[in-house]
Amino acid sequence: MAQMTYAEAIRDGMRVEMKRDPNVYIYGEDVGIFGGCFGVTAGLYQEFGPERVIDTPISETAIVGSAVGAAAAGLRPIAEVMFVDFMGVCMDELLNQAAKMRYMFGGKARLPMVVRTPCGAGMSAAAQHSQSLEAWFTHIPGLKVVMPGEPADAKGLMIAAIRDDNPVIYIEHKQLLNMAGEVPEGEYVVPLGKADIKREGSDVTIVAWSWMLQKALAAAEELAKEGISAEVLDPRTLVPLDKEAILKSVGKTGRLVIVHEAVRTSGFGGEIAAIVAEEGFDLLDAPIKRVTAPDTPIPFSPVLENAYLPSEEKIIKAVKELF
Amino acid sequence: MAQMTYAEAIRDGMRVEMKRDPNVYIYGEDVGIFGGCFGVTAGLYQEFGPERVIDTPISETAIVGSAVGAAAAGLRPIAEVMFVDFMGVCMDELLNQAAKMRYMFGGKARLPMVVRTPCGAGMSAAAQHSQSLEAWFTHIPGLKVVMPGEPADAKGLMIAAIRDDNPVIYIEHKQLLNMAGEVPEGEYVVPLGKADIKREGSDVTIVAWSWMLQKALAAAEELAKEGISAEVLDPRTLVPLDKEAILKSVGKTGRLVIVHEAVRTSGFGGEIAAIVAEEGFDLLDAPIKRVTAPDTPIPFSPVLENAYLPSEEKIIKAVKELF
Amino acid sequence: MELTKEKLLDMYKTMVRIRTFEMKAAELFAAGKLPGFVHLYAGEEAVATGVCANLTDKDYITSTHRGHGHLIAKGGKIDLMMAELFGRTTGYCKGKGGSMHIADVDLGILGANGIVGAGQPIATGAGFACKYKKTNNVAVCFFGDGASNRGTFHESLNMASIWKLPVIFVAENNMYGISNYQKNHMNVTDIADRAAAYGIPGVTVDGNDVIAVYEAAAEAVARARKGDGPSLIECKTWRHRGHFEGDPQVYKKPEEQEAWLKKDPIPRLEAKLIELKYASQADLDAIKADVQAEVEAAVRFAESSPLPNPDDVFTDVYAD
Amino acid sequence: MELTKEKLLDMYKTMVRIRTFEMKAAELFAAGKLPGFVHLYAGEEAVATGVCANLTDKDYITSTHRGHGHLIAKGGKIDLMMAELFGRTTGYCKGKGGSMHIADVDLGILGANGIVGAGQPIATGAGFACKYKKTNNVAVCFFGDGASNRGTFHESLNMASIWKLPVIFVAENNMYGISNYQKNHMNVTDIADRAAAYGIPGVTVDGNDVIAVYEAAAEAVARARKGDGPSLIECKTWRHRGHFEGDPQVYKKPEEQEAWLKKDPIPRLEAKLIELKYASQADLDAIKADVQAEVEAAVRFAESSPLPNPDDVFTDVYAD
């Protein structure tokens, strides 16, 4: 085990696969010498050279669209979109090409491609550089959606994403990039579609992912002091979703709070709530709560951004309302 | 009252407003002489001339992006995107420009614009011409989302959408275009944000919109024969959502089935289920059911498309499972 | 590749195969036998044929909503195509795709496409793969005049040009995007002029002259294989039929239609073949009869193939 | 509009105002006083100034992530701008937008923009509105060399050209999109050459020569007001600072930076003003001192303004 940051863990996952498979390459805006807008690809240009770590023009449509073509022709691209906020620019390529090609062709195409992109608020980057748009991708059958909440998962899920023969949207959180943790060395794989109980508990289940996992864990710590035992479950991948793990946990606790940073309406929390309200209705002792951002764009001023973001306090409050 | 089809009702709504306000104009691909891919704008070019009914190049990004600029500069554009499936092409313009401009500018912009677009399957148009993507738009604070399920609403909501000072996504269903009904003449306005009980009932609430409203009504008719009294509620606009009307109906019936044509995962049904599981938990006597398309792209062959689509039978089956 | 007698007769047969397939599809559609949208390539056969005659099975193409011609020219099997139009399990896509999504990845055909302009970045990516793997193969991207106004065009040509990718962009200028006349949707006469914006060669050819198309493509393909990067070829042509079957074509001037029908690429090649003494009228008639039989057989194959099982909806979403 | 002494001195003051504002922002950012990203316009002042000197309050502009210069040149108030950078309620956007989203719709400023290339269709739409309403106004779209590769560029220039919209597209070619050097992201030397793809005029000017910029813009604006449609003006320039504050600029060659610093547009205009005897060094120093005081006052205004109330998050989402 090595001590690594989340950013280093992502990089290590890419490095392991690039060494193993010459068909894996990275491209995106400023991923080369510059090392990526958040430094995640730093050093890879030097290690793998300009043929495998490639700076693109500002052309997200062509970046993702050409990844589709390259994958269909046998490569395993890792495309970077600098902020998840820019995904609207290449949404057609994800929606109508990457996700559907295999199905439309009657199962006769394979599209092993990863689109890496950072999400999230907390740095006063305002409305166009702080969003959490994972729900959109989960609404597109044919894509897989990965959102690691800590360093080891970041690495293991990256390797799994690269090895997967389907288009995978890999969403990393800006606020987690510098978070350090123990990360297994070498070919460490975390399978897509397996949730992880990050903290065991018996009174309430908190489902949270990405940065919110950390907030949920902090809230659980506080709640423990007040005698409420919260189980914190990280789905880690939203598609495929480990529904059984969620239902099992709710079966144990009888209460469910879902936390996400995305705006409330039509966020992925709604999907989880709906699954449990249908398939786990009899397990529930209380209403299902969602702790989310409000239905507003993301404001710039730190005071406002702070008010906007789900927080430890808001999670604690929601949990307590169930007792 | 006049007898009109849904397509004629949409057109009549646009015509009424174009006569009233010279700043309202229509543009999109083949909306002029051709009358629109589904004939919805037929005759308007002849009536209002080439300056107000304008054929654009195949440039959805510029169509919606320029609608934003034109609206900010004082016009009231009605832009047409030929299929909702193409919205990925102009998603950034909706997500980051249209929806956020007012907020980002501290409330100092007004963007009165309508983006009209047809959705839905049922004509073997396959995976890229049959989708229902409304959930995406509902996940973007700043947009309003309108989905009429019958002719009179189609007209009244169109007039309301044009008069609204916010960007409105107006989604019309291809399978409803030829449906006829009574439609009030002149300036008939259906306010955005008000649900309508399309059929009263006491045993179960079925929430359905767009084409699925018609399927739900047919299912309710059948269910009545079997002694189950279903209330059918059409939210008509998903944003703003008339949450109170839904909770009130569930309060009466104690059971909820949500029907939508979009794929299940992260469809808007999840949002409604989550609201009720949180705010109406105590009203529920049974699990919340969703009847939706499965999580697959839309297949071409009629046999498959038929299996894919939610149907009267599937709704009836879901309702019965609650008793 | 030289244009031998054999090659030219081959190209003729391909063009006839496309035309025959398309007219059969029109007939079947009118008879209510084909579900969904059908966009026909009749009249534009020389473009796909002239270009694809320069390609091998290892080269890639991306096609459009008007894809039958590209598929046939690249070697696609018409029985599997026809079965797909009928929505049968034996079709190229097992009935899941239909006319707008037929593909044959083994033949390098990365699919017809229902999204105008979507093939442009896909072909760019396939060209990238050829260069990355140093295979010496190329990717050809077919698209219309209308598609030349999409952002994908710009981003793709720029990307292909800076990385010198082996991509040939073929603009099929049939003068209309649905009802929108070219002079109303762009302010240049020749789409080829747009190549200069990317520092790549751009040529305009008579798209109804299969030999002219072949030669322009030969040059562009050779250039691409040598590592000299992409080209843009504009082929001026005309669709004989409506945008889709059922289109009343109110927007087309009858005299224009008539003038273009006279420039039909097939009789034109026939005249040439006879002039070159590569074939007699009887030879050509024999080819037509052959092809007609092939197409009829394809229809029989399709019609006698099983429909999908409703449960097939759920398969083929993900690779495992 | 003639370039009178008064006008030229005005332009000088604008350029100094931009520079002073930007250097103050750099200082404040380094001191940890400004949250978020800050992209500075220092070095490129001649572009915004030369162009906007041709506009009235009724004309529109769209700006970019590097927007302060455009806003100031179009008449934006620096105290409201500074308060926005500080995230205060008195800021242009009440603290909701920040550096990347400052706007003043009343002055025709349709916003800085965090999405590269997004301003291109917005300006096209504003130009459309001017034409539709027959107001004789124009819309100017500022964007970078990097943004010239986005699909929005292509779609917007095409749309503006077919409809002869009064839009002036101003490419600010500072040779880099973040770390990506222009020759690596496009295969043409002059972005202006891309105008030919739309059948509109394209010119390249020295973007550090405010008079050259002014004259090119004057011609394009006159053309647009006359109803003759859009133009593309490329201004070659250089950003003195990193892409954003904090960028170590590993990708820039020091000698290139040094050479460009010598072409600083402000001393260049000063020399010209003195040569023309429009001003003495003392006059210029007085202007600088004036502006310095303005900027200091703006900082005081900002710093003494109230922070937003947390509940303000919920307002301004919809107009009622």
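All chains are identified by letter, namely A, B, C and D, in their written order; residue positions are counted from 1 within each chain.
Note that in this section contacts are C-beta pairs under 8 Å (C-beta built on N, C-alpha and C of every residue); 3 or more make two chains touch, one makes a residue touch a chain.
Since the model is a prediction, treat every value here as computed from it, not as a measurement.
Taking the mean Cα position of each chain as its centre, D sits at the greatest distance from chain B.
Annotation: 36 Å between the Cα-based centres of chain A and chain D. Chain B and chain D have Cα centroids lying 40 Å from one another.
Centre-to-centre spacing of chain A and chain B amounts to 30 Å, using the average Cα coordinate of each chain. Annotation for chain A: residues 56-57, 59, 61, 85-86, 89, 92-93, 96, 103-104, 126-128, 141-142, 294-297, 299 touch two or more other chains. The multi-chain contact residues of chain D, meaning those touching 2 or more other chains, are 93, 95-97, 101, 113-115, 149-152, 155, 158, 162, 184-186, 317.
The touch graph of these protein chains is complete, with an edge between every pair of chains. Of all the residues in chain D, the ones that touch chain B in their complex are 60, 62, 91-97, 101, 103-106, 110-111, 113-115, 118, 120-130, 132-133, 139, 151-152, 155-156, 158-159, 162, 315-320.
Those residues of chain C whose C-beta lies close enough to touch chain B in the complex are 35-37, 87-88, 93, 95-98, 100-101, 113-117, 146-147, 149-151, 177-180, 184-186, 250-251, 307-314, 317. Chain C contributes residues 149-155, 158, 161-162, 184-188, 193-194, 196-200 to its touches with chain D in the complex. Taken together, the chain B residues at the contact with chain D in this complex read 23, 25, 51, 56-57, 59, 61-62, 64-75, 77, 92-93, 96-97, 101-111, 141-142, 144, 165-166. The touching residues of chain B, when paired with chain C in their complex, are 29-30, 32-34, 37, 55-59, 61, 85-86, 89, 123-129, 294-297, 299-304, 306-308.
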